[in-house]
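Each of the two complexes below includes chain A, the first together with chain B, the second together with chain C.
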Partner chain A sequence: MSTETKAPKTAPPRAGSLRRSNRVLAFFTIPSLLWYLIFTIGPLIAMFLISFTDWTSIIATPEFIGFENFAEMFNDPRVGTAIVNTAIQLVATVPIQVVGGFMLGYFLSLKFRGHRFFRVVLFIPALISVAQLGTIFTVVFGPAGLINSLLTAVGLEEWTRAWLANESTAMLCIILVGIWSGLGFNSILFAARLSAIDGDVYAAAELDGANHWQRMWRIAFPISIDFFGVVLMLQFLWTLFGSAALILVMTAGGPGQATSTLSWLVYRFAFTGAPSIGYSQAIGVLLFILGSIGLLIIRRAFRQRY
Partner chain B sequence: MVAYIAIGLYAVTLLLPLYWIVISAFKERFEVFRTPLTPSFSAGWENFAFVWTYLEAGTALWNSLYITASALILTLAVALPAAYGLARARGRIGSIVERVYAFGFLIPGFAALVPTLLLAIGLGMYRTREFIILYLSASAQPLAVILLTQFMRTVPSELEESATIDGASRFRIFRSVYIPLVVPGIATVGILQFISYWNEYLYTLVIVGPQPINRTIQVALPTLVSATGNTNYAQVAAGAVISIIPVFVMYLILNRRLEDALVQGAVKG
Partner chain C sequence: MSPIATKRRIFASIGAAAVAASALSGCAAGGSPSEDDQITILSGWQVGDATGDFLSAAVADFTEDTGIKVNVETVAFEDLRTTVETASVAGQMPDLITLNFTPEVKPWLDNGLIADVTPYLDEWGISDILLPGVVDPWWTYDGKVGGFPYQSGSWPVWYNTDLLAQAGIDSIPTTVDELVVAATALRDAGIEPFCFPGKDWGGGGQFWLWAQLFTGDRIADIMANGGFADDPDALKGIELLGDLRDGEVFIQDAAGYAYDDCVNAYDEGKVAIAHFGSWGFTALGEEVTAATTVAGLPLPDGAAYDKPILFPIGGNGLMLSQNAADDEAKLSLVKQFIDFLYAPEQLQAWVGESNQISSVQAAVIGDVEWSNPLLQQNATITDNNDLATIHDLYVKAGVDITPEVTWFIGTPGATAEEFAARLDQLWQG
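Then we have the complex of A and B:
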């Protein structure tokens, strides 16, 4: 994304020695390149190939069945539900994570009193793994967990419930955990970017009578719009693909199909119940295509415009 | 003013669950619900002692450390020469290779979970910690190489030219000129990858598996939550505290350096 750095200009040496020197340099780079291609590009290609087979489990022999998995996908209500759930999760999580992160980051970058303390607090979720996140919030939302005990303490006992085992609240919990863990780190990212803005620019705007809201959206936002796009891409990808691990720990897609997202289905069809690796990878391909389309749209929409 | 309240409220929401987890770890099981926000020491270190044995946390922490440290060494051993090669390469091939690495950022790790598992089985390395070490260091190459290349580019090429005149070989130049000058870059990549390897969950669960001898602390922790609804919250809290401590200690020591490393890593990714 941000690798447009040009090689430093040096006086061109004689052609023969350049070729020889490049060959020597290749020896330095090839191990890493091969390493990376075998372990990441290789499996990605394999995913596309497997999606055209009826491979059920590891011991079975796969057979090529063309687009059958994809045809089945469009008639499968579980996939339909998962698409709706994924869309809800994205729409509810990503805008708050990114816009909220930008606003918090703007205030952090002003270096108000106590900003150092808030920085540390906002950074903490970035240190917590998805396994820890899922485990902690399973008990926070659990029947005898933090939320219910607080509700009971303030006399709202009738509001208590098993939040994760309830079809109408389970997805809300997953969404809240996503916001809890993503917002803080985004604000640190934005603060890092916005602190590069010269304080004089704000001071001048203040003289012209611009309030914080105007300074935030008329000055800070246009200056950092490309960065806004980068953070948006990160969160979009993380929510789209990364939710499987969180859901695995917290709800396993349940109750019913309340938290079954596309990335969860990739895991579910490969590893649980009667496995169907071919079908799981077909959903993986769908996810990959949706991810690529999303990235292209975000890239287009958030190009630097001045 | 509104901003202060908003940021304060968010800070409270961030800290409250963590505060609750820490104080609950020292409580009797049923006290956790009755007095959620009052700290007490009613269970002493009992929850910790139980969880330590139940999770075989000693083994799990060792496995985490073994995987993290090995993957880190391997990552740097492969990425450093590659970054040197890229930083000094002239002409088209160099920039094409750089594009290939940049493309790696766009591939979400999760997409290839199942094929990677099949690769592990194919290599006869299913259920081994060594495969995850190979996998983690491979998947970190794009980020590590591109970050390190940027650091290597800041080394003035005059240094290299004068070393060449003195008759030093490429490898010697790499080792004695470049490596010492890019130590800050090595530290950034090291910190960043330490956190990401230590916290890895899904691949380790699927490939290394949940058996106590091989599993990492991240794979062990969620087993404290019982599927039958009989979870002991105080014990879960103690387990969470044990598993979080290593990274928090690291943050206490490195502080700003660690923040900067994670910010650089995220933005480049």
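Then we have the complex of A and C:
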């Protein structure tokens, strides 16, 4: 006897009722759309508008000056130095944070004995605020800090120096702190994504003689390439836009211009010395354009191809 | 409200949001809205410190005497500027602000945030009781005065005579040659000689002292316009600083030391000489305080000064908001409070209990003694030392030399010409 059951048939909704329903739903999105327009799109538009003004501080009256800020920006050696420093920071930080994070995430996803402990350890930097992070590493790299104490203890006293005050080591310190704080967090993100890959896929590859390196880059990476792109994009944007906080606490852009990045200049011209908010926002526009270009390249390069 | 003010406010509002969105937002707490029957003060004087405790006690006494309520909001000094400007945009300016009048806050006068107190200094009888010169740091080029000076002081060099004695040095160095001898002896005794806070504003301040050794008060022109590379005397001062850096007169890795690091190193007896302001006289331990002699920076041969030099400092005072100045009733309340603060009883508490240096003549303050020996020394410090030109008065607004000073102090072998070229670029920016 057949036990087949028939699914009840439902009539498709009529087009008119669907449109009405969509309008009602759209109505409920208005508050969040307004919020988004006012607090996200608004400041973005304001950034562009302010970049065309000479505005010395928020208590002064802005004056429209056309493209003068941009003309000055392209002739300003401080901006040129900041572009180079920003490029160095991105190239040195982001690949290590993302590729290293992916590799660590792969091993965490294998759920080896003690992996939970390592997950906690790797996540700890994400629980430390930028201000704390900067303070801790200012002490670590200070003249009487951990690094110099260790070097002295092992008889390498001649290697000691004021790491954050030395033109050849200050940016390296900022980069190392950035890597330290981002690597573990990325590994947790990747571990979460890679844990979703069916273990049979790895088992089959192992039967075919694939080692961990091959499984990591020939199986896990292609499967999760879109996620890899998202993490790369986020890390790129965080480093490009967010470096000012760490620099503010650790070096204030010095010594000289050694750690001055574009993100730092946006802060510096907006808030320190004799502020020049219009000029600061012109640099902000440059950052926005660079960020958008980088974002498009990353999205295009790391699209899922199957 | 005028169209310009409206435009400014609208622009300021969206600007504040934009700047906060694209950079780090500053502290945005505003002062309490000013009410007609009370005075509001935004203060950098922290409760728990001598200055903050003085203000709290003075406010309590004033309210008890007059019935006028005074609402004090405390903000960290480094956040005061942002807080005042944000409060202004929000229409919540406090009536009074306790702060020193640095180049960064001078635009407040031009933009109508604070009032020119010139008429009140005279009408309220304050000019008559102030020490000569204490208004100078509050004066702007266009003849306005930015506030009521309350604190004054100096920024001398501090010598730990116990540590110098341990190294076999029995007198305070008054020449650079003597300083070098002392530094060598201190190093031989395992003591760091001179703390140069190369990492922050403290090093910037000390740099200006070295820079004017051969220029004298001509340095004011360089402070305003730059031009180190073209001034042989300024170059000589920088060259001397470089020689002392390479001669290990300064603490090892000086470029990594902030002002507070130097204070701690000095207080812990790890360094024998440092350049600190009189605002820190009461912050040291008793033993180090007793061993300290304050004096000027030693002079090289051919210096433009006759005696070792130190900075006079303006210190904190009270700025009056333009809103309060424009409101007759509010101004009357403020006048009562200012009169109260400048009365001998409060000045005696400021000096005797809080161990602060007053901007008022000793004859007005009356018979009061400092319990702190450094304050006693400071009272006669100009007998044997010359006053240098303080940079706060003259440096072009927006020029921050600190990163370049960090570079110069942290780069052995860096020449005066290289440093001068880098500095001059800052004035061109």
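Criterion: the second predicted complex is superposed on the first by the 275 of 306 C-alpha atoms of A that agree within 3 Å, B and C clash if a C-alpha of one lies under 4 Å from a C-alpha of the other, contacts with A are read in each partner's own complex, and residues count from 1 in each chain.
The rule we apply is simple: a contact is a pair of C-beta atoms (placed from the backbone, for glycine too) under 8 Å apart; a residue touches a chain by one contact, two chains touch by 3 or more.
Since this is a predicted model, take the numbers as computed values, not measurements.
In the overlay built on the shared chain, the residue A:136 is in contact with chain B alone; chain C does not reach it.
Of the two partner chains, chain C is the only one touched by A:60; chain B is not.
When the two structures are aligned on the shared chain, A:118 is found in touch with chain B, with no touch to chain C. Once the two complexes are overlaid on the shared chain, A:270 sits against chain B and chain C alike. Among chain B and chain C, the chain that touches a larger number of residues in chain A is B. By the document's definition of touching, both partners, chain B and chain C, reach A:50.
When the two structures are aligned on the shared chain, A:280 is found in touch with chain B and with chain C.
Contact with chain B, but none with chain C, is seen for A:24 once the two complexes are overlaid on the shared chain.
In the superposition on chain A, A:156 contacts neither chain B nor chain C.
In the superposed pair of complexes, A:244 makes contact with chain B and with chain C alike. In the three-chain superposition model, chain A touches both chain B and chain C at residues 39, 42-44, 46-47, 50, 58, 142-143, 148, 241, 244-245, 248, 263, 266-267, 270-271, 277, 280-281, 284, 287-288. On the side of chain A, the complex with chain B involves touching residues 1-3, 5, 7-8, 10, 12, 18, 21-22, 24-29, 31-33, 35-36, 38-44, 46-47, 50, 58, 103-104, 107, 112, 118-119, 121-132, 134-140, 142-146, 148-150, 152-153, 180, 183-185, 188-189, 192, 212, 227, 230, 234, 237, 240-242, 244-245, 248-249, 263, 266-267, 270-271, 277, 280-281, 284, 287-288, 291-292, 295. Across the complex, chain C meets chain A through its residues 4, 7-8, 11-12, 14-24, 26, 82, 85-86, 88-89, 103-104, 107-108, 111, 113, 198-200, 251-257, 261, 396-400, 402-404, 406-407, 409-411, 422, 425, 429.
Across the interface of their complex, chain C is touched by residues 39, 42-44, 46-47, 49-50, 53, 55-62, 76-78, 141-143, 148, 160-167, 241, 244-245, 248, 252-258, 260, 263, 266-267, 270-277, 280-281, 284, 287-288 of chain A. Within the complex formed with chain A, the residues of chain B that make contact are 3-4, 6-7, 10-11, 13-18, 20-21, 32-34, 36-37, 78-79, 81-82, 84-91, 93-95, 97-102, 104-116, 118-119, 121, 134-135, 137-139, 141-142, 145-146, 150, 153, 157, 170, 174, 195, 198-202, 206, 218-219, 221-222, 224-225, 229, 231, 233, 236-237, 239-240, 243-244, 247-248, 251, 259, 262-263, 266-269.
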